[in-house]
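Quick heads-up: structures coming right below.
Presented sequentially are two complexes of chain A, the first with chain B as partner and the second with chain C.
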Partner chain A sequence: MWPSIQYYCPCMSATNGQTPSPPPPTLASSSASFHPLHNLYFCEECDIVRCNRCVSVEVSGYYCPNCLFEVPSASVRAEKNRCARNCFSCPICRSTLSVVASDPPDDGDGRPSVSLSNVGEAPYFLYCNHCRWDSAGVDITFEKPTGLAAQLQKFEDSAPESLEFERLKEHFEPFLRTSSLSSSSHLPAVSSHHLHTSSATAAASAALAREIPGVGKHNPLGRSRAGRDRTANKDEMPEYKSRVEAGVFSQLGGGGDDVDVELLKHMETVEEVAKLDQRWGNSWAASLRSSDLRPHRIPLHSKVSKRCPACRHILIKPEQKAQSVRYKIKLVAANYLPAITVGFPQTQATRRVTSKAPSSGADGKNGVMQSGTSNPFQLALTNPLYDPIQVRLSPQRVADARSYQVSLPTTPFSIAAFAEAWEYDDDEDMFGVEDDELGIGDVGRGTRDKEARGRLKNVGVLERRANVTTVGGEVNIKPGFRGNVKFNMLVTYTYRSDDPLPSEDGAGTPSRSTKPPEVKTFSFYTVIDLGPSVVPKDDKLDAES
Partner chain B sequence: MPPIRDKFTIHSKAVVCQDVDLKGDITIGPSSVVHPKATIFALGGPIVIGSGCIIEEAAIIVNRRKEVMRIGDNNLFEIGCRVESPSIGTNNTISTRARVHHTVRISNFCVIGAGCLVVPTEDEILEEYTSVYGPASERRIWSGRGKVQEADLRIKHAEYLREMLPKFNRLRRGDGA
Partner chain C sequence: MDAPVYYSKTEFIETDTGNKVSRRATIAGPQNIILGGKTIISSGAIIRGDLRRTGPGHAVVISLGRYCLVGDGCIMRPPYKTYRGNFNYYPMKIGDHVHIGAGTVVEAATIGNHVVVGKNCIIGKFTIIKDCAQVADNTVIPPNTVIPALALFAGSPGRFVEDLPESTQEMVEAQTKQYYTRFQPLDR
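Take a look at the complex of A and B:
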């Protein structure tokens, strides 16, 4: 919702030396380049903001979200990306199943004469505490309550679909190996991964061309060339014989069209048919009936670490342990860039709320701006660094001169350094201290601010508290403008670079005493969305007539 | 509407805390447990609660009808549920913050899941072993496997509460006592 601010990641635009400027915010496509601050990373080596679109992601570990067991990546594939311990999800409602023992044999009156001991008796089965589904209904019971996945694995592996798939893999294995070997020997320049897939697709298309008459003729140019290269391979490959006829598969799950129609004819409630999301993890040939659904092992989750695409340095890396939610390395942009929040002044906000009732009701969900007025807004900048910074805001000129004009203080202003103590007490004590800590050129700027405030009472530095400085701006909406008031803003800040930044690896922290303080500048773009502007009722009539 | 006459009949083996809100003609059977802050209103006809029931905190049981509202044995009313059902069988569970309307009669071994609404417009009797679950209050029939263990657990639960609650709460006695 507006008012909102998002930060720009330059990865989508071509860089040509200088700071790349973002696309105009009025374009719908620009939203892809802007991100909330908490989604962004910061690479210290490249001195650049990185977003989730441009970082390279690698899996640093797999774990089961239910038992939090860390699965070694070697066995993830063999276990088909699912937990191989005792974790199952209910096929009906997807909650976690628990293993329960069977009831003792009923002695007639339905109530046990003696209190049951905690040890149950076999057979054990899976039971959903949420919807009361149990696996005995689909004939899954266990002799002992441990190693259930291994016990179920037998059923899974003996299913005709998975047997067929294993056979297919086996069949293509030698072919893939030879083709990748041969191609890597005489085509070393191309990446092996690419070749691997292309040979696989070539094999598939060759097989297709052989099976279906006519397909071979329509092969695209590239494909036919690939086929010629590997003529020998193609001939070597033996024909694949499936275990079962293809038509038989549809009857496996008790399906087949006639049976399905019969089932639907006699259906009484919708719940009897398994929903698509319940059947998603099964093969295509599974039965339609929800009573036939079987429990799934719980899919594994992964922890990922992210690297800078340019310098390959790690930007964020979680701790290995599944239980831990902390990070070993965490270079997030929020630790480097000042956090900005946009708001409307209190009086303005209340005025909007009260004035919205008589004005047009359709858009009046929140306070909306009216065209032909000037609307003040406030930016609160929070400094995450341990040094005071000087910030300059420069809003990008709005392309359409008939829309709106943004005025912001153009003179640089300072934000005091971040100190942990300020997290704890946020009362007025901090006011005296802060002026002493401000950097160079402070005195002159202060008076200039006052002048600015005199000239235009909404624009300028409004408040300084701890490491937060609030500046006011104003947007002047031209009469007759309708639409969202959105503009790009370049934020440039200077900081002392020799002081330690809040970083884990401590890069760029030589001893402070030897060097004079060196001032560095960093700039980044943001987009500010102040929400829609509407044409007031009387103006609307004028504009339309 | 005539003024409601309070008449509480509480079995001597039942544990009913002092801080409960009772109104009307209420009978609570042996070894039932009523937690503090529970509400039982017999606005229309009387309410008769059987043995071994557990009524937890902030549960609300209301009878607006003229007829007797009968609640069977070994039922569990979890925290914050609201039940106006005119009759309830045995061994049912009404989970946390579930709501059951006065149009529904509950038979035996039913489970109303957490937060589920059972509010049909027409009168209905929940079949035995019905389980209502999920955000859309879907229904299915439980096979009943494991019910002996569950019943056993329920009895132990009530036993424990009967032992512990009086240590920390004043108890309410029936009119006769």
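Take a look at the complex of A and C:
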């Protein structure tokens, strides 16, 4: 769990041109604005981080999660978004059902005596490998082991509820068509939605008033003018005549008050009543008994492409094949922002202190810090870019001065470029090779700065290896503080821009005159959670005495 | 940054291709098992390469790709069924960058690349796990289940929970490589 770092997506904050600042990290509601780096996207056009909450999503293909068949979108609606082949989920436990031949599997030793989905004796039925439910118990058997969904869909479509629903759709369709036509012709687009809902509501309430005596007819303009409006409303619907009376449905399903009471009277185990999630997809009037549940065709899944909500550029575009994990377009934040991992100095440090009394930072390895101590921590920043970057970390001030203070190196430091070759280097050799780089550049300067100021020796650049730079920080927890040590941190980095277009400004601010002009800066917020801080027992006594 | 995972140098055998196999693991029928390289078999694991398809000739029973990890006390057993009256075992194929948590029992038919299976799971017979899928800790996957690509499954029985992020492949690859690097011998 701890320590952890999450990245901020500004989509939840009101923007007024400035870089929006994140909410205080200690609020529980802030978690909605922070995401793991790998869940974020990056829009190159807008130069901004995007998250799953703010991208616009469109379906690029449907597939069955069980047989992995790619369903053409034309037939998805006709098949009611479910697999139309041989995939069913168990009504009891929702795991996948197998088609078995008539001879039931002998589960005495866990070995089916008749091969699953093999040519066997008709009739065939569905069998759950997890809870041993079988469809023969609800009188569903098949003459052929293929095309089962079509056979089941026939039942589904002839159910009174779905017939009624089809009729309702038919009934409303001409009305919706005319209202959308009329609204598009002479009304602004905004009010068409309003008109559409209000007249649909009116129609529904008319039906409701007829079914249930005592329910007044809904009128958005007020009761007193109802009579006049009725004549004025040219969108008035023809009355819908239900094929079945509303009350009849409950009898169809075998449910209803008396039947349910009778069922509960004779119930022996709780499992006899179907749970809400087992009945969720059924109509309200279905029976409560779990023995009446029917197998479901498996709902389809979809592959989605994602777009930037502002500029509509595509951020994610999957390959057509359903089970491919490759993408034609994939603009993820991990390829743009440095990846940061948080840790406590371990191994050598902890090994060294084992002989001594476990003091201050030694407890950090469990993620539990003690109040009244200063605890070193480390941030390892990995550069994903092919050019070196300069990074500056600026932790936000913690609002409550009595809680804790965070110290991090304030001077910018560099992270070497990412090079493909390092990936293929055989791993252990990597450690030695880069050591000679350690002496140069900012490291020396950084440490000298620190020493000159006589500040914390844990703070500063600790290690530089390949495209990873590790910096040390320290958190000073005030005595008596209890709770998670959590702070926001602004990360600003400058990088060499690929496109030298001067017209594209925005974040393009040449930061230094010594550098070539195509240097851009980008900054983003993160939240770092170093885990809980506890008040040590002896400290508590000290404080009391 | 992450701390190395130390193991006792005497416990593990390292092969030419960088596989690290614990002497405390039970490897039955090693001639029927293929390790792709840089794969770690932890102590207490049981790999049943002896449960081979009946019939003459050489048969690969279990094949693992590169950068895999078989956790402590895992049981890897090829799936079996009776087909047309004949009882038989079927091969198990596991891709690259697959981590299997401690105490998990695997009887899957196929596991793709970049798959992470949690601790104490049961992966039922003939399960097919596609690329970049993940199975949470303590999940029971019933036999014949198919886990689609980039899906997270959890629970008993294991069910679809959510779609994994698009960058799962890179994450798992980095993670498995890093684990292999961290897995270091310690003389003691």
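Throughout what follows, the second predicted complex is superposed on the first by the 398 of 545 C-alpha atoms of A that agree within 3 Å, B and C clash if a C-alpha of one lies under 4 Å from a C-alpha of the other, contacts with A are read in each partner's own complex, and residues count from 1 in each chain.
One rule holds in what follows: a residue touches a chain if its C-beta (ideal position, glycine included) is under 8 Å from a C-beta of that chain, and two chains touch if they have at least 3 such contacts.
Keep in mind that this is a model prediction, so the values were computed, not measured.
A.B. asks: Between chain B (first) and chain C (second), which does A:Ala334 come into contact with in this model arrangement: first, second, both, or neither?
C.D. replies: After superposition on chain A, A:Ala334 lies in contact with chain C alone.
A.B. asks: One more residue to check, A:Ile389. First (chain B), second (chain C), both or neither?
C.D. replies: It touches nothing on chain B or chain C.
A.B. asks: In this superposed model, does chain C or chain B come into contact with more residues of chain A?
C.D. replies: Touching more residues of chain A than the other partner does is C.
A.B. asks: Using the touch definition from the top, say if A:Ala136 reaches chain B (first), chain C (second), both or neither.
C.D. replies: In the superposition, A:Ala136 touches chain B alone.
A.B. asks: Regarding the shared-chain residue A:Cys93, is it in contact with chain B (first), chain C (second), both, or neither?
C.D. replies: both
A.B. asks: Taking the superposition on A as described, I'd like to know which of chain B and chain C A:Tyr127 touches: first, second, both or neither.
C.D. replies: After superposing on A, A:Tyr127 lies in contact with chain B but is clear of chain C.
A.B. asks: Could you tell me if A:Thr470 is touching chain B, chain C, both of them or neither one (first, second, both, neither)?
C.D. replies: second
A.B. asks: Would you check which partner chain A:Gln323 touches, where first means chain B only, second means chain C only, and both and neither mean what they say?
C.D. replies: Second partner only.
A.B. asks: Just to be sure I read the superposition right, which of the two partners does A:Ala101 touch: chain B = first, chain C = second, or both, or neither?
C.D. replies: The answer is first: A:Ala101 touches chain B but not chain C.
A.B. asks: A:His301 contacts which: chain B (first), chain C (second), both, neither?
C.D. replies: second
A.B. asks: Both chain B and chain C contact which residues of chain A?
C.D. replies: Residues common to the chain A contacts of chain C and of chain B are 93, 111-112, 115-116, 130-131, listed in rising order.
A.B. asks: Please output the residues of chain C touching chain A within their complex, sorted ascending.
C.D. replies: Those in contact with chain A are residues 1-4, 80-84, 87, 114, 124, 130-132, 140, 142-146, 148-151, 157-160, 165-171, 177, 180-181.
A.B. asks: Within their complex, state which residues of chain A touch chain C.
C.D. replies: It is residues 36, 38-39, 63, 65-68, 93-96, 98, 111-116, 118, 128-131, 301, 316, 318, 322-325, 327, 330, 332, 334, 341, 343, 346-347, 378, 380, 427-428, 468, 470 of chain A that touch chain C.
A.B. asks: For the complex, which residues does chain B have touching chain A?
C.D. replies: Listed in rising order, the residues of chain B that touch chain A are 111, 113, 131, 133-134, 138-140, 142-143, 145-149, 151-152, 156.
A.B. asks: Would you tell me which residues of chain A are touching chain B in their complex?
C.D. replies: So the residues of chain A in touch with chain B come to 92-93, 100-104, 106, 110-112, 115-116, 120, 125, 127, 130-134, 136-137, 271.
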